[in-house]
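The block underneath contains the structure these notes are about, expressed in structure tokens.
In order of appearance the chains are A, B, C, D, E and F, and numbering begins at 1 in each one.
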Amino acid sequence: MHELGVVHQKITRADREAVEALRPFGVATVHEAMGRLGLMRPYLRPVYAGARLCGTAVTVLLQPGDNWMLHVAAEQVQPGDVVVAACTTESEDGFFGELLATSLRARGAAGLVIDGGCRDVDALREMDFPVFSRAINAKGTVKATLGSVNVPVVCANALVTPGDVVVADADGVVVVPSARAAEVAAASARREAAEEGKRARFAAGELGLDMYAMREPLAAAGLRYVD
Amino acid sequence: MHELGVVHQKITRADREAVEALRPFGVATVHEAMGRLGLMRPYLRPVYAGARLCGTAVTVLLQPGDNWMLHVAAEQVQPGDVVVAACTTESEDGFFGELLATSLRARGAAGLVIDGGCRDVDALREMDFPVFSRAINAKGTVKATLGSVNVPVVCANALVTPGDVVVADADGVVVVPSARAAEVAAASARREAAEEGKRARFAAGELGLDMYAMREPLAAAGLRYVD
Amino acid sequence: MHELGVVHQKITRADREAVEALRPFGVATVHEAMGRLGLMRPYLRPVYAGARLCGTAVTVLLQPGDNWMLHVAAEQVQPGDVVVAACTTESEDGFFGELLATSLRARGAAGLVIDGGCRDVDALREMDFPVFSRAINAKGTVKATLGSVNVPVVCANALVTPGDVVVADADGVVVVPSARAAEVAAASARREAAEEGKRARFAAGELGLDMYAMREPLAAAGLRYVD
Amino acid sequence: MHELGVVHQKITRADREAVEALRPFGVATVHEAMGRLGLMRPYLRPVYAGARLCGTAVTVLLQPGDNWMLHVAAEQVQPGDVVVAACTTESEDGFFGELLATSLRARGAAGLVIDGGCRDVDALREMDFPVFSRAINAKGTVKATLGSVNVPVVCANALVTPGDVVVADADGVVVVPSARAAEVAAASARREAAEEGKRARFAAGELGLDMYAMREPLAAAGLRYVD
Amino acid sequence: MHELGVVHQKITRADREAVEALRPFGVATVHEAMGRLGLMRPYLRPVYAGARLCGTAVTVLLQPGDNWMLHVAAEQVQPGDVVVAACTTESEDGFFGELLATSLRARGAAGLVIDGGCRDVDALREMDFPVFSRAINAKGTVKATLGSVNVPVVCANALVTPGDVVVADADGVVVVPSARAAEVAAASARREAAEEGKRARFAAGELGLDMYAMREPLAAAGLRYVD
Amino acid sequence: MHELGVVHQKITRADREAVEALRPFGVATVHEAMGRLGLMRPYLRPVYAGARLCGTAVTVLLQPGDNWMLHVAAEQVQPGDVVVAACTTESEDGFFGELLATSLRARGAAGLVIDGGCRDVDALREMDFPVFSRAINAKGTVKATLGSVNVPVVCANALVTPGDVVVADADGVVVVPSARAAEVAAASARREAAEEGKRARFAAGELGLDMYAMREPLAAAGLRYVD
């Protein structure tokens, strides 16, 4: 965990097919399908409306106010990867902007999740390069201290192992361990199918009280109806 | 206040005509027209740009991480109601999403104000189902512990009695006691009419210093002009 | 600093030409070009997407929950000015709304930066009157206590002297001392030109590791590559 | 609620005997005994270690950065009262200090609960005048705008009616409606008695799993024990 | 990670001797000796002045507002263990108080680290049962939903594996992987020995500039001394 | 402002006699005596109960997570100085601990005010070396990037010029410009003398309503007394 000064060049990415199977689903669905695990803290927000991403994690461990390791990480990126940047402490500086986005895009990256700040957000929206960050901040960073690339990291309170699948949309960011990607995609599909039926019933006026058979347990718990 | 385990089925909603009379006005205007009372804390924000609502409150008291009572509340909703959800503690979990929105819409609800989190915000925007929440969070909730429906609640530091009018837009959320709805609507109209005249004078270059006759009180308070 | 009860009527604004020279550049660029100085804290955010401004500072020192001095400031505004409002304490009330925006626009103001709250944000978007604030809040203010106009102020942790150039966009707000405006504009232009070349190289797949000759210093710092 | 510009001189205080009956109990016990209602948000903290209070509420509604109404409230204080100060907005200025504490003590006040800031905390500790506030702040306030005294207020998200009993200690602040004071005191005593027995059993090594017969419901919920 | 509904009964605790070897050192020293890894976020604070602990982790994964799993965990505690409680979301309710502390102490527990709230803090101080929490909150919890015991958890952004050594004092909380405990204790001892020498030299007036030979690198970095 | 890479060796300290004249007064008194100017934001707190300081500012501008400049500053410290450390961004790392405190004490420093984090707080309390910081954090810092020493800085939203007097106690931190130190000390003494008289009158039961002749202005403002 959080080993410093190392770049792991070989990582095992989640199966490409499983990643594609996860892509259609929203974060809330995936999180439920996983058994409510792997969600990052909700302070991570998209830097522009409509940003979303799904890909395999290349992880970075940053030092505060220092983005050196993002350049090191760029070399490790393969098409379809999402860079997931944790930090050894809380830091909201602008570690990332248009130039690095251009570089990552050229490498085929699908986006960035960063427990830190981001800048050039107008340019990022124009490029449609999705970033999920904890702050928007014009303050730039230095390149002076080593972190690591492709070590397991804790990002916004979620453990991310290189190669895990990361899914992000307006609802937040969730991490799916690579070994579970296919299974979670299948569970997401089942969940979404089930929700479709429920949606129709709700739209037709059926109540959750009846659909989920809640009236009895509510009464058992002591709920009283009064006029 | 905050009675647990009870559903009040009969509430006295604000007069429908008064609600419609309030609808054209923004939150800032209504809040001023009420004498600057009834505003919820500004951490409640619309989950999508352009969300706004005006309707009568069906109140819910939630337990942290538990949305059972929202299903109980749905049954109490009548067309034009706004569900106002308080919580017994601070909790930013995603108590509410697309399925419940579908259910509430089917019941005729005008929207939701929740001192908690919300998810499926892309779907909510597509449905144009307005939600004002303190967080966006994919984390779902359980259905295990009783709260209440249609008891007076304190939501984001404002007291809400079932049947009160709730108005929300980009500026925040304000609560108008049902007995005052007609009066506040009238005062809002007067205020807006007065503002129209002022707007024209400001646009023509007149200063607030002159329009509000501030020069004398400023001098009396000791304001000094220097070069 | 923060003198109370005074209005300075004569201030030395940054050279108009220098202001225009700064206008094309984003906040991140200007901040870098200045040597990473003058950035306000990132909690100041545009009240609508797309807001941006560039102009000379008319400063205001407000008392909490009191916008009297904004009316005093309006008289001091000249075309192209940006009102920069600090507060003697932390206060997120809605000091500013549509009417004051109409007044400031009539005076030729280019926008507002306020270490406080703002309301009527829908109207501000429609008017396209850019405001950068720390909160959106329908709560209005009184007119009872003196502050000052055109004294040096500390706004969101940045010192602003009347006449300084203020640049704000989606990345934040930066202050350029009037004496440095021309120089910083020139440095911004050079920086942007340099970035264009880099952008092209990044887009072509060149890595920052090579473009910035980082491989040697990384090795010297002890970075280890493993499989 | 939150009526402005009024001082109610006659309030119905909770029965003195009931107040005394509540005094021995901690906030957590009282809150439980009430059915988990009436707790203020935990951001209210004692300004010195060891502060605690129990008394009947004289309520004040303050304007931001303005402590005029605290002087008005002082006249309404009777021995054993606790001043409970809400604010029309969020404000952390130092509304209260040593002089007002001296005045309140001379009136017989038992302490202060304030959804705002407090100063002179060293003097308050020396006087042992208990204050529970949201901030410590040397910034003083003005006396310019009317609020109210002895109207129902919402303080730190809890509704307080004049005359209610307020209990505060290191765990927080809880409000007991005057009509329930005797009943809650009795329930607190029962709860504490029950806890004494449990404490002894826990100290002797008995597990909550057995004391509360949790093993069966845990198994029913699906808990699995593995090696 | 964060598996739900499971209790692992067999965990591998760090070597007892290594735990004792770590005990004399402060959190800052241990964190440095580990290579600056394993520190929890600084929002975890001792609930009373002077609290400190060192022991082996029994981990708990809690649901928001629900302390059922703490009772399950108590049975797994062995003398010298520290209970480390993470939560599936952010929750500041009072999960823990005097009774559970009595139970844990009877089991031999050395204290609690909880990414949530705690109550009965006066009693905890009297018992000298050390707790490090993110909040003090009288709000109690329910016992309704399963979490887990002795699974790896992320607590305050740090990964904790059951059996790891947890050290906490006024400076924060740090986690030492059990496999590294002996090594880190040795490195801590070396560091402290080195610091003793430095302390004496600093106390004698030697400057860090000279002790650490910083003058040359500062000059190389371009530092200018002016009068 | 915030010039980088420079050490000013000659600064003009406030008159020693004026510093001594300020020493007896608390922060709230000094802040009032200055006309309510110069207060730092209240998030700066003493790291141990009872910490207080009064001295002349040696300023430091730090980079995030980097304490190199504190060592540079140490050389500039003269007996009676207070080190005031600002940061180019928000950073809560532990920039300062026991060793630097030992060094600063050896130089005669009176304490530290830092818009950042601090560690070794148990040792600091034992040494009685007063520190006012925004966080307590065991996370150490690097020595890699230049800031400055003895340039004007903005610290916690207050402008500090080298040589200014800094006064800090449990109520916060206030800065007195060196040129005003004698005058502010005299005004503080007058204020305290006046307060003594008021304290006695308050203690004797006189109300602020009468002492400050508030009844008439309250009535004029429209305050209504009702039964």
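In this section, a contact is a pair of C-beta atoms (placed from the backbone, for glycine too) under 8 Å apart; a residue touches a chain by one contact, two chains touch by 3 or more.
Predicted model, so just to flag it, every value in this text is computed and none were measured.
A.B. asks: In this assembly, which chains make contact with subunit B and also with subunit E?
C.D. replies: A, D
A.B. asks: Taking each chain's centre as the mean position of its Cα atoms, how many Å separate subunit D from subunit F?
C.D. replies: Chain centres of subunit D and subunit F, defined by C-alpha means, are spaced 31 Å apart.
A.B. asks: How many Å are there between the centre of subunit A and the centre of subunit D, using C-alpha atoms for each centre?
C.D. replies: 41
A.B. asks: Could you list which residues of subunit A touch at least two other chains?
C.D. replies: Those would be 36, 39, 49, 88-90, 92, 137, 139, 145.
A.B. asks: Chain pairs that touch, all of them, please.
C.D. replies: Every touching chain pair, ordered by label, is A-B, A-C, A-E, A-F, B-C, B-D, B-E, C-D, C-F, D-E, D-F, E-F.
A.B. asks: For a test of understanding, state which residues of subunit C touch subunit A in their complex under the given definition.
C.D. replies: Subunit C reaches subunit A through residues 26-28, 31-32, 36, 39, 42, 45, 49, 169-172, 174, 195, 198-199, 202-209, 212, 214, 218, 221-227.
A.B. asks: Using the touch rule from the top, collect the residues of subunit C that touch subunit B in their complex.
C.D. replies: 5-10, 49, 68, 71-72, 74-75, 92, 94, 97-100, 102-103, 105-107, 117, 119-122, 135-140, 143, 145-146
A.B. asks: Which residues, counting only subunit B, touch subunit D once they are in their complex?
C.D. replies: These residues of subunit B touch subunit D: 1-4, 35-39, 41, 88-90, 152, 154, 156-159, 177.
A.B. asks: What does subunit B use to touch subunit E in their complex?
C.D. replies: 63-66, 88-93, 137, 139, 142, 144-145
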